[in-house]
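Each of the next two complexes has chain A plus one more chain, namely chain B in the first and chain C in the second.
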Partner chain A sequence: MTDLNIVALVSVGAHPTSARPRRAEQDARAVELGLRLAGQNLQLLHAGDPQAEALRGYLGMGLEQLDVLEQPEGADALPLLVDYLQGSRTQLVLTGSQAETGEGSGMLPFLLAERLGWPMVVGLAEVEKVENGVAQVLQALPRGQRRRLKVRLPCVASVDNAAPVARQSAFGPARRGQIEAHEVTVVDDTLLAEASLQPAKPRPKRLKVIKAKTGAERMKAATAKASGGGGQILKDVSPQEGAEAIFKLLIEEGVLR
Partner chain B sequence: MLNTLLPILLFAALTLAVIGAAKRFFMWRRGRPAKVDWIGGLLKMPRRYLVDLHHVVERDKYMSKTHVATAGGFVLAAVLAIVVHGFGLHNRILGFALLAATVLMFTGALFVAKRRLNPPSRLSKGPWMRLPKSLLMFAASFFIATLPVAGILPPDFGGWVLAIILAVGVAWGVSELFLGMTWGGPMKHAFAGALHLAWHRRAERFGGGRSTGLKALDLNDPKAPLGVEKPTDFTWNQLLGFDACVQCGKCEAMCPAFAAGQPLNPKKLIQDMVIGLAGGNDANFAGSPYPGKPLGEHSGGPHQPIVDLNGKALVDAETLWSCTTCRACVEECPMMIEHVDAIVDMRRHLTLEKGSTPNKGAEVLENLIATDNPGGFNPGGRLNWAADLNLPLLADKGETDVLFWVGDGAFDMRNQRTLRAFVTILKAADVDFAVLGLEERDSGDVARRLGDEATFQHLARRNIATLTKYRFKRIVSCDPHSFHVLKNEYGALGGNYQVLHHSTFIEELVRKGSLNLGQSKAASVTYHDPCYLGRYNGEYEAPRAVLKAIGIEVKEMERSGFRSRCCGGGGGAPITDIPGKQRIPDMRMVDIKETGAELVAVGCPQCTAMLEGVVAPRPEIKDIAELVAEVLIEATEVAAKRPAAKRELAEVQ
Partner chain C sequence: MSDIIRRDPRAEWIARNRLHPLHASMQKAETSWMGPNGIVRKNPHVIAAGFVGPAGLKRIDRSGAQQGTVGKRSNASVEVQLPLHIIEQPAFHICVVPDMVGGRLSSHDKDLLGLARKLAGDSGAVVAVIFGEDKEGAFDTAGVDRLLRVQGDAFDGYAPEARVLALSAVESQLAPRHWLLPDSRTGGGELGRRLAAKLGERPATRVWQVAGEQAIGRAGSGQQDIQRALPRLILAAAECAEPVSDTRHEVRLLELAEKVAHSLPRVEDLGPVAVDPAQIPMAEAEFILSGGNGVKDWKMFHQAAIALGATEGASRVAVDDGFMPRNRQVGATGTWVTARVYLAVGISGAIQHLQGIGACDKVVAVNMDPGCDMIKRADLSVIGDSAAILAALMERVATWRQEGKRDAA
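Our next item is the complex of A and B:
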């Protein structure tokens, strides 16, 4: 355990079959990771309604307090969080990858890191050590692979299902925990107000064609790295050349037109 | 010389015993307050002792006769000895009475000694091996010392040599029997036991009553402890109850978890609570340890946590999670100690405060909170099993005779066969019934037994709110767990209903002649009593009567009725899944196979699941409802109608 200043951003989740409010699965994993790193020093932060009962699910994991930046539904959480975090001595911000309610765009950690000007780690699985303001972490990649990264603190890190499972939430601490509401200037989410929402369609799955003839080939296919095949490694190139290569790829893939 | 020595010895021992009693009493009073009928309880105590407790002891004739002689002889001898030798009332008649009492006690003590020659493993050894000698010594010494009083021997017979020998004998006897009672010897069971009977936390159990529902936690008071963390969190009369244990090990002999090699022994658990009450470690425990847990490694005190999740304290968490709450220990206990209450109290702390329900526990509790069923199934699918049965919904009818409580077995494909069989019976008997459908929720049984009182009360209150909306005469359920909870545990939360198990209800239909039944073709059948139907609710007869009505003669297992062995499925035990040397359902299947039965009749979805989980070859498992539905004469008509109904449904979709 370290004496890092860690903040876990938590939201109100929804159960996948009953849609009842609950602690969000990935946010709870972020809290679990934070608890393992900082214990009681972990700070929980939520932007929204301090009366939401589901928030107590996080307190039930053994924390005494949860700070809420009070704002109505439909307000933009981002500027509040940026303001709050800039003014604090936070070194690590942990979040889930995607909220279970609201927009659930999964953009918040990226936008937050951009506004704060902090590095961002996706799919944090473990923090191995922190030395001289640099954290050595393991990032989760598909198929159980891990990548060791060194990140300058402060940074934002999102967790997905590769992070440790959240501990049980207990009734006693959940009931006792304090929810501290902070009054902040509410910023309307103009984009949300103007834009129209439509139900998401599940992304079509790529057909899996098994060409392997032997067991060994099947094993190889199953454990191989996910790859597009046409990748290219650029080494020792100038930033200009690198940027051009990325730009070219983005046009080829149809991201930029 | 004896005439001066004996009163000194007697009154010194009595004084010390009274001091010890006061000390012990204040030890118990460290527990949380409990409402007891102080005077009334004491007045009722002799009857509870002589009738209720004797009924339990009477199951073992040898021991009951031995105990009557020894204890009866001792009480008489002690009172008379105080009068005759203590106060020096040297009356011949009293002398003869005292002689008779000591002879009676001596005879009883001989049988105690005989049983201690080659004691079964369930009995504690250690100081308990000394007890018959002390009893014999007490009886013999007072016998000889009383002979002169009765005029059989001259007053100064034997001179000072005999006087000294007798004084030593009396000193030994009164030390064990007077001092030992209140200072923690084997005789403590008599003192604590008597008061335990007087101030028992379930006084309803006496006089032939039954009290098996768990007691509710007060969740509205934020200061009340959520379950038991340290010994002083028990109510004081629970602590008194633990102290009453006579270490006979009847509970140990019946405990399915102990037999399966899981780390639980109810006797040791109660003794550990006594250690917690007084402070110390378990090195001197003279009985069987928890399987796989050596003695001497655990210790505790009244204000120390009982369970340490990161190390060793008084009891390990897995000991508490091994219990199936089958209540076999409570049923056997001649001291009427409430083991299951204590275990659930400690589980409550682990779940509600520590969030440490093991294995699948946390997942099941989360599912119950989010989906009202332990499997996490979509609550909207609760009535899918009856999609083609056109069941009347109580929401449509508003009023019905029989409310059929389906239970969470609705989501289990095996149990759906039972449910459908029972619906066939209800329809055949033309019963006015209805189901709650999607308005039904888990009864809260498993949440409560996993220690999650908050989720239990939440589910129960919502179920009660639903039930208040409608009018019905009775609730019938195919699940003894729902049946028990609805019948015995909703009352404390304001839900009082008349609830029947489906076997009782079918028996009633059979008796009224509402069912046209044929004869079952099943050749040899045995019946497995579910704990929550039998021991919890005393229903042993109805299932057997139903089986008899369809021409089945039950080949009883050695352990049946109130001694039925648990299937291993109760108390959330399959969820917490504490490893042992063998599985409880496998042991039960051995019991079943011993009868030579090809089919075992059951009345509980848990028992069905656990017993069907035993690898083949094994007897077939069928619910009573299935067996009855098979021999319904109307069965052919119903079967003819069914395909039509199905086709209609298919067209709609």
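Our next item is the complex of A and C:
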């Protein structure tokens, strides 16, 4: 555990099936990561309605207080957060990678980093150590891979589904926790004036278009078995030669490390 | 030889005379040809004579695709040259930054180029911005009019900040009408959002349809769609448009006019971390070594997986026989894998198995039977004893690792 000043930005999520408000999955993972790093010193920050019940889900993870920058729905959270964080001594801001309600563009951490002039780390999986204001972290990559990065603090980091799974939210601490509302000036978001939200349409399945001129070609396309077409076949070679060819391909593809 | 078509009266006479001993060899195999006066001539006899099909029955194909009779069929399989789309003076540019996973255009990248092509129409040019080296040979058929290669040590590896600087240099040079990036986890999503923050543009994210001046993308956790006017910066999901398929493009090389501003990276890449391949879920493993009925020495198979750093997989037979756990089964009844390289040892390739590896890029087969279905699917097949080949491969990798250590020291 380190004595970093960590702020986790949390939002109200929506259950994927029932769409009921809940703690957001990725934000909860960010809180979990923050709890592992800073314990009780982790600060929770939310921009929105302090009355939202779902926010208590984060308090139930074992924290006593949650700060809320009060603003109505459809307001822009970015300027408030920039003002708040600029004045604080925060060293690490943890967020999920995208919101579960509203636009959910995933731009907030990037814009926050740009406005604050801080570096940004995507897909934080683990903080290994912090020395002289430089953190050594592991970044989660697709296909279960990890990359080690060195980043100067203060910084903004977003977590995705590779971060540690969030602990359960307990009912008692969730009730007892304090939600502290702060009065701030509200800035409206212009997007919803020109864009419209609608229930998601199922995406059309892509059709396999066969551009065949003749009936014979169409028949061939319809009945052909899966084939790579023109794969190289090495026959009657020594095991060493065969292994060399395979080795070359593995190197070319960069899968040997 | 000159290209002038000359008549050979004697040959024509023999061809007309059915009693001549050379008559058969003088028959034209083609059903139609250009005559000496520029008139297309047809030989209805050849068409009506037909040919013997694979089932031993006489078939007549009047489409002209199947020419002549058996043995006389002229195998003139001409490579179809797609029409070249040339844009000399583009009215505007559409910039695409493909992911280039493994140095090649992914299917997501091709969809994106298809979308860019649609937005560019007849007067615009699609510019692909590529960082570092690539292995792609088919930029022309993917729809790239201009190619801008940004090279330098600063852009190698994970360098999002340097890349964003390069892209903003492209922005000031070309002032493209649209920026298109794949909204993927392999880099495009991050780079696009960084670029959006840098340029101060509000992007449309997870866009799956562009119709006219409207873009539709997923919002929130995918329960809602957001429809809005088409912004300058678009982060498009996979299958956002059809890839380019019926034109060729010139892939003219562009250069950056001025050097990219250099800045000290605040995020430093210390390189990839070794991950235990056995811990990676099979569905997303990058490199899979899969064993089937042809593997006799399973101990060595496991050793080979460790030596290569590959995730282990198995065919149904190997699992049924108890050599591998059930959660390692690849195929329709097991896991559908998406590996970039799939090394199949001793697997003949049942259709269920081939379905399971349908999304794999490169398939390597090691097998005794040169006629099996796996070899037809594979990009590289080695016919021979799997144990010997695996042993040789392990040895080769071991020497390579040692060389690497010596180079590093």
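The criterion applied here is as follows: the second predicted complex is superposed on the first by the 191 of 257 C-alpha atoms of A that agree within 3 Å, B and C clash if a C-alpha of one lies under 4 Å from a C-alpha of the other, contacts with A are read in each partner's own complex, and residues count from 1 in each chain.
Note that a contact is a pair of C-beta atoms (placed from the backbone, for glycine too) under 8 Å apart; a residue touches a chain by one contact, two chains touch by 3 or more.
What you are looking at is a predicted structure, and each value in this text was computed from that prediction instead of being measured.
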First, second, both or neither for A:62, with chain B first and chain C second: first
Which superposed partner A:34 touches (first chain B, second chain C, both, neither): neither
Which of chain B and chain C A:154 touches, first, second, both or neither: neither
Touching partner for A:48 - first (chain B), second (chain C), both, neither: neither
Contacts of A:96 with chain B and chain C, given as first, second, both or neither: neither
First, second, both or neither for A:172, with chain B first and chain C second: first
Touching partner for A:22 - first (chain B), second (chain C), both, neither: first
Touched chain A residues, chain B compared with chain C: C
Common ground on chain A, meaning residues reached by chain C in one complex and by chain B in the other: none
Chain B residues within the chain A interface of the complex: 222, 226, 351-357, 361-362, 365-366, 369-372, 376-379, 452-455
Chain C contact footprint on chain A (complex, rising order): 13-14, 16, 19, 99-107, 110-111, 113-114, 119-123, 136, 138-139, 141-152, 155, 160, 191, 194-201, 203, 206, 209, 211, 213-217, 225-228, 231-237, 239-240, 242-247, 249-257
Partner chain B, residues of chain A touching it in the complex: 15, 17-18, 20, 22, 60-62, 167-173, 175-176
Chain C to chain A touching residues, read off their complex: 61, 63, 65-66, 102, 135, 158, 161, 185-186, 189-190, 193-194, 196-198, 202-203, 205, 208, 216, 218-229, 239, 242, 245-246, 266-275, 279-281, 284-287, 308-310, 340-341, 343, 351, 354-355, 358, 361-364, 366, 370, 373, 375-385, 388-393, 395-397, 400
